[in-house]
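The same chain A turns up in both complexes below, where it pairs with chain B and then with chain C.
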Partner chain A sequence: MKYLLRRLLRAALLLIGVSALCFLFTEMAPGSFFDEMRLNPQISPETVTALRARYGLDQPLIVRYSRWMASVVRGDFGYSIAYNSPVAPLLWTRAKNTLLLTGTATFLVWLIAVPLAAWTAASHGRWLDKAAAVVSSVLISVPEIVIAIALLALAVRTRLVPVGGMRSLGFQEFSTWGQIQDIAQRMVLPTAVLVLSSIAVVERHVRASVLEVLQMPYIQAARGLGISRTRLLFRYALPVAANPAISLFGFSLATLLSGSLLVEVVTGWPGLGPLILDATLSRDLLLVIGGVLLSALFMVAGNFIADVLLLAFDPRIRTGESHAN
Partner chain B sequence: MRINTLVLLLALAILHLLVIFAGFIAPYGPSVQNRELPYAPPTRVHFVDTSGFHLRPFVYSQTLTLDSYKEDRTREYPLHLFARGETYTIVGIFRSNIHLFQVAEPPRIFLFGADGYGRDEFSRLLYGGQISLAAGILATLLSLAAGTIIGTISGYYGKWVDESLMGSAELFLSLPWFYFLIAVRAFLPLHLSPVETFLLLICVIGLIGWARPARLVRGVVLSARSRNFVSAARGFGASDLYLLRRHIFPETFGVLLTQAALLVPQYVAAEATLSFFGLGVSEPEPSWGNMLSTLQQYNVLVSYAWLLTPAAALVITSVIYWLLADALHSRLKSHSI
Partner chain C sequence: MGSDARVAKSAQPFLRVRSLTKRYVRGGVLQKRIHVDAVRGIDLEIPACKTLALVGSSGSGKSTVARCVTRLERPDAGEIWVGGTDIAGLANRALLTFRAAIQMICQDAVTSMNPRFSAAETVEEPLLIQRRGAAKQCRQSALEIMSEVGVSADWANRSVMEFSGGQRQRLAIARALVLQPKLLVLDEALSGLDLSTEAEIINLLLDVQAAHSLTYLFISHDLPLMARLADTIAVMCNGTIVEQGPKSQLLSNPSHPETKSLLLPAKIFQKKYAEMLGVSG
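Right after this comes the complex of A and B.
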C-alpha cells in the first residue's frame, strides 16, 4: 500500500510539474492570439483590450495559473478562443480517438514483441536471432515520419485500406457491425505505422532481459530436470524477465503517444494530434496546454498502471524486500 | 569491428561533405524556379544516340505536352564538368561560380526530378541537408552541453541538488516529448525570418532533450567521484573545478560521444517533422522536412515518386548514425570491462 501511495504522489507531482511548465511558457511567449487580432484593421484596439480583460488575460501569471489549476481539477480546461467553445469537450472527443489508436497499438506491440523477443532470445546466435536483430535495427533507425509517409504512399497507391479520417461517408446509416468494421479498416494504416515504429525498442529490451534470465543457474537446473523448452521459456523465464519489461511499458507509452501525434496528422486520424497542431498554428494556447496536459495525464496514468502491474508481478515489491526503482 | 567503424565514419564524412559543398555539386540554386517544368521527372542522362556511344554524357530537353513530358531528341546537350553557372558560397565564406556539372540552357538537368515549381529536387536535397543536418548537430551539441553541466552538478554535489535536478529530468523524460515540442513551438512566434526560425528550432529541440544526457553524465560522474585517484587528488588539495576538469570530465567523454551519435538522427528527424508540419523552416528555404510536406496531398504522393528522395536521405542519415552509435557503444563496453 505504501508503495502505491508513493507512486501516486509521484504521479501527482509529475502532473503539477508539467502544468506549471506549460504555464510558464505562456508568459515567455511573445505574441498571442490577440496580437494577431490586433493586426486586423477591422477590429478596434478597444475591442481587443476588452476581450483580453474578459478572458482574464490581464491578470498576473500566478493568479491565472492558480485559477486555471482550480478549474482543471474540476474538469474545466478553459475556453478555446479559436473554436469559441470550452476546451474540455473539444479535447475529450479527440482524446477518445487517440486513446483508441494508441491503446490498440500498445496492445499489438506487446502481443507481438514479447513472444518474439522470448523466441529470439531462446535461439540466441542462430539465424532467427540475427534476422530479427537486423530487422529491429532497421526499424529503430528509420524515422517515424518516413515510415508514416511510406505506408501512406503504399496505402494510397494500392488502395488496400481506406485512408484519411475515421469514418466513411454515410457512416450513420451503417449497422453497428458495419460501423465497427469501417472504423477498424480506417485504423489499419495509423496502427501499422505506430506498431512498426515502436515495436523494435520493446522487442530489444525484452529480448535483453530474457537473455539475461536464461543464463541464470535456476534455468540451467530446470533444463537439466528435463522441462520442455516452451514451458521453460514462458513459465520459468518470462515472469522473472517481466520486471524491466513492465518498467519499459510506461516509457513505451510515451513514445507511442508522441508518435501518434505525427501519425494522426499524416494519416488524417481525428485524434489529439491534428487538433493540437491546428491550435498551434492558430495560437490557441489554452487548447495546446490542455492537450499537452491531457497527453501527460495519459502518460502518468500509463506509468501508474505499470507500477501496479509490477506490484502484481514482482513479489519482491509486495514484501518490501527490495527498493523499487 | 574496427573496419566497420572506419567505413561508417567514411560514409558519414561523405554525407556531410556532399551537403557542405552543396553549392559546388548542385547544378542550380535551391530556389531557382522553372514554372514551365512543374513536376518534371528525373532527367535521363544518355551515353548512346543514333550515331553510337559518346564518352561525354548528354541530355535532351524535356517539354510538357498535355499531361506528360516528352524528350526532344532532335538536339543533344552535352554535360559540362566544372562549368561556370550561378554564384554560390560555401560555409558562407568561399564564393565561386564553378559547378561540378552544368548543361547549357534551354534544357535543365534534374537528376532527381523537379517539384511543383520546377525546382531541381537534387539541388534542393543538398541545400536542404545543410539545414537539416546542421539543425540536428547543433541541437545535439546544445543538448549535450546542457546535459553535461546539469549532470555534472547533480552527480558531483549530490544531496538535494541532485534530487531536485534528477526529479526535473524525470519530468522531462516522462513527457510525451513530441507533444511538448509542439507546445513549446506554439508559444513562440510563428512568423519569423528563416534564420531566426532555424535558431529557434535548434534551441527548442536541443533544450527539451537535456534530460537523458544529464542522467547518463550524472551516473558517470557519480562513479568517478568515488574513485581512488579522485580521492587522492582531493587529498592533495585539488579544487572542485580542477577535479571536475582534470579527472571527472574525461570519464564522461565516451558516453557523450555515443549519446551524440544517437541524438543527431533523432533531432534531424524532429526538425524534419516540425518543418513537415509547417512549424519549422519555411519556404523557399529547403529542408528535408518542408520538402516532404508537399506529399501531404495524396495526388502528389502517388504520382511523383522522386519527391520521396528527402525521405530516403533521412533514412540514410539515420541508419549511418545509428550504426555508428552501436559500434561506439560496443567499443565503450569492451573498453570499460
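Right after this comes the complex of A and C.
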C-alpha cells in the first residue's frame, strides 16, 4: 500500500512538472493565435490587444499558469480560443473516438502477439520462428506512415473497406446494429495500421522473455515430468516471463491517446490527432497543452497500472526481494 | 531360495545404457554447420538399488548422459534400457509412464524450481502433471513427502525463494520422490552446498534410497566424494567412458590419467593436512 501511495505521489508531481514545462515551452515558441489577426488591416491593434486581455494573454506567465491550474481543478483544462469553449469537452469528445480506436488495436495486438510469441519461442529455430522473425523485422523497419499510406491506397483501390471518417452519411437513420457495423467497418483501416505497426514490437519482447525463461533449469525439470507444452507455456513460462511484458503493456496503455495521432490524421479518423494538429497550427495553445496533459495522464496511469500488475504477479516485489530469477 | 531370488533381482541391471551417442550441431544459416559429439559409445549399467557415479571434469559430457537417460534429450544413437524397455526412441506420449520412474535432481535447486510456486505447489506439481489424483490428494501426498525429507508442513505455503540452499535441495528431493520413482539421476546435486549441509543431504539421500529402494546415478566432478557414496564409478573424458569399475578397484588402481587427475586434489589435500599436523608420509 505504501508502495502504491508513493507511486501515486510521484505521478502527481510528474503531472505538475509536465504541465509547467508545457507552459514554459509554449511561451518560448514564436507566434500566437492573434498573430494572423495583426496582419488583417480590418482588425485594429486595439482590438487585438483587447482580445489578448480578454483571454488573459497579457498576464505574466505565472499568473496564466495559476489560472490554468485552477481551471484544471475545476475540470475545464483551460479555454480554447479557436473553438471558444472550455478545453475539456472538446478533448473528451475526440478522446472517446481515439480510445475506441487505440483500445481495439491494443486489445488485438496483445491478443495476437502473446500466443504468437509463446508459440515462436517454443518453436525456437524452426521454420515458424524464422518466418515470424522475418515478418516482424519488416514490420519494425517500415515506418507507421508508410504502412498507413500503403493500406490506404489498397483500401481505396480495392474498396474492401470504407475510408475516411467514423460514420457514413445518414448514420443517424441506421439501426443500432447498423451503426455498430458502420463504425466497425470504418475502424478496420486505422486499426489495421496500428496493429501492424506495433504488433512486432510486442511479439519480439514477449518472445525474448519467454525464450529466456524456457532455457531455465526449472523448465527442464518440468519437461522431465512429462509436462504438456500448453501447461509448460502458460503455467511455467508466461507467468515468469510476464514482468517485461507487463511493463510493455503499461506502455501500451500509456500511449493509448498519443500513439495514434499520425494514423488518425492520415486515415481521417476524428480523434485527438486532427484536433491537436489543428490546434498546434493555429497556436490554440491551451488546447495543445490540454492534449499533452491528457496524454501524460494516460502515460502515468499506464505505468501505475503496470506497477499494480507487477505487484500482483510477482511475489518478489511484494516481499521486497531484489534478486532476479 | 527366497533370498537367492532377491539377490538375483537386485543384481539385474535396472538401467542399461548401450552405445549411447549424442551430437549437437553448431553453426547456422551463414556459418558452416559442425557436428560435435557430446558423448559417444557410452556403455553403463546400474543394478537395482545400487549407486553408480559418473565422474569427469567440466565438458566431459556427463550431464549430456544424464539428460539422455532422463530423456530430456533424444540420443542420436544407442539404447537406454529401463527394466525391459528401450526408452531411447520412445515418443513423448509413450515416455510419460517412464518419466515418473526416472527423476532428476539438478545442481542448482534455486533455478530448478518455478520462482512463482510455493513449496507445496512445487512438490505437488509432478502429481498434477501425471494426473495422480485430485488436487486435495496431491497436496496431502506432497505434505507427507515434505515431512519425510525434513521440510515442515508449516512452510508449505512459503515461496520457494524464501528457503535456504539446503532446504531447497530437500524440496528438490521431495519433488523427485513424490512420484515414487525407481531411479534418481543426481546431476551435481551436492555441489554448492556447505560441508554440514552436504553431509545432511548425503544422509538424507542414503536414507531415502534404503526406504524407497532407489537406484542412483550420481553425476559429479568430485571423485573422492563419490567414492564414499557409489558402488560403481565410471570416469568420463571427452565424451567417452575411459574407466569403469567397482569403486575399490578403481580407487586403488586407477589406470587412466583422467581418473588420476580427478583423484589428485584429494591427495594434495591429504598431504597438506598431514604436513599441517606434522605427520610424515
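Definition applied: the second predicted complex is superposed on the first by the 313 of 325 C-alpha atoms of A that agree within 3 Å, B and C clash if a C-alpha of one lies under 4 Å from a C-alpha of the other, contacts with A are read in each partner's own complex, and residues count from 1 in each chain.
Just so we're on the same page, a contact is a pair of C-beta atoms (placed from the backbone, for glycine too) under 8 Å apart; a residue touches a chain by one contact, two chains touch by 3 or more.
These numbers come from a predicted model, not from an experiment.
If you put the two complexes together on chain A, you find that chain B and chain C both fit without a clash.
Of the two partner chains, chain B is the only one touched by A:18; chain C is not. By the document's definition of touching, neither partner reaches A:175: not chain B, not chain C. When the two complexes are overlaid on their common chain A, residue A:259 makes contact with chain B while staying clear of chain C.
One of chain B and chain C touches more residues of chain A, and that partner is B.
Once chain A of one complex is fitted onto chain A of the other, the partner contacts of A:280 are limited to chain B, with no touch recorded for chain C.
Shared-chain residue A:226: touches chain C; no touch with chain B.
In the superposed model, A:218 lies in contact with chain C only, and not with chain B.
With both structures placed on the common chain, the touch criterion links A:236 to chain C but leaves chain B unconnected. Closest contact between chain B and chain C, by C-alpha atoms in the overlaid model: 8 Å. Annotation: chain A has no residue touching chain B in one complex and chain C in the other. Contact residues on chain A toward chain C in their complex (touch as defined above): 216-218, 220-228, 231, 236, 239-240, 314-316, 319, 321, 325. Against chain A, the residues of chain B that register as touching in their complex are 167-168, 170-171, 174-180, 182-190, 265, 268-269, 272-273, 276-279, 289, 292, 295-296, 298, 301-302, 308, 311, 314-315, 318-319, 321-323, 326. Contacts from chain C toward chain A in the complex involve residues 67, 70-72, 92, 95-96, 99-100, 102-104, 106, 108, 110-116, 125-126, 129-130, 159, 161-162, 175, 179. Residue ranges on chain A touching chain B, taken from their complex, read 13-14, 17-18, 21-22, 25-26, 28-31, 137-138, 140-146, 149-150, 152-153, 156-157, 163-164, 250-251, 254-255, 257-259, 261-262, 265-266, 272, 276-277, 279-281, 283, 285, 288-289, 291-292, 295-296, 298-300, 303.
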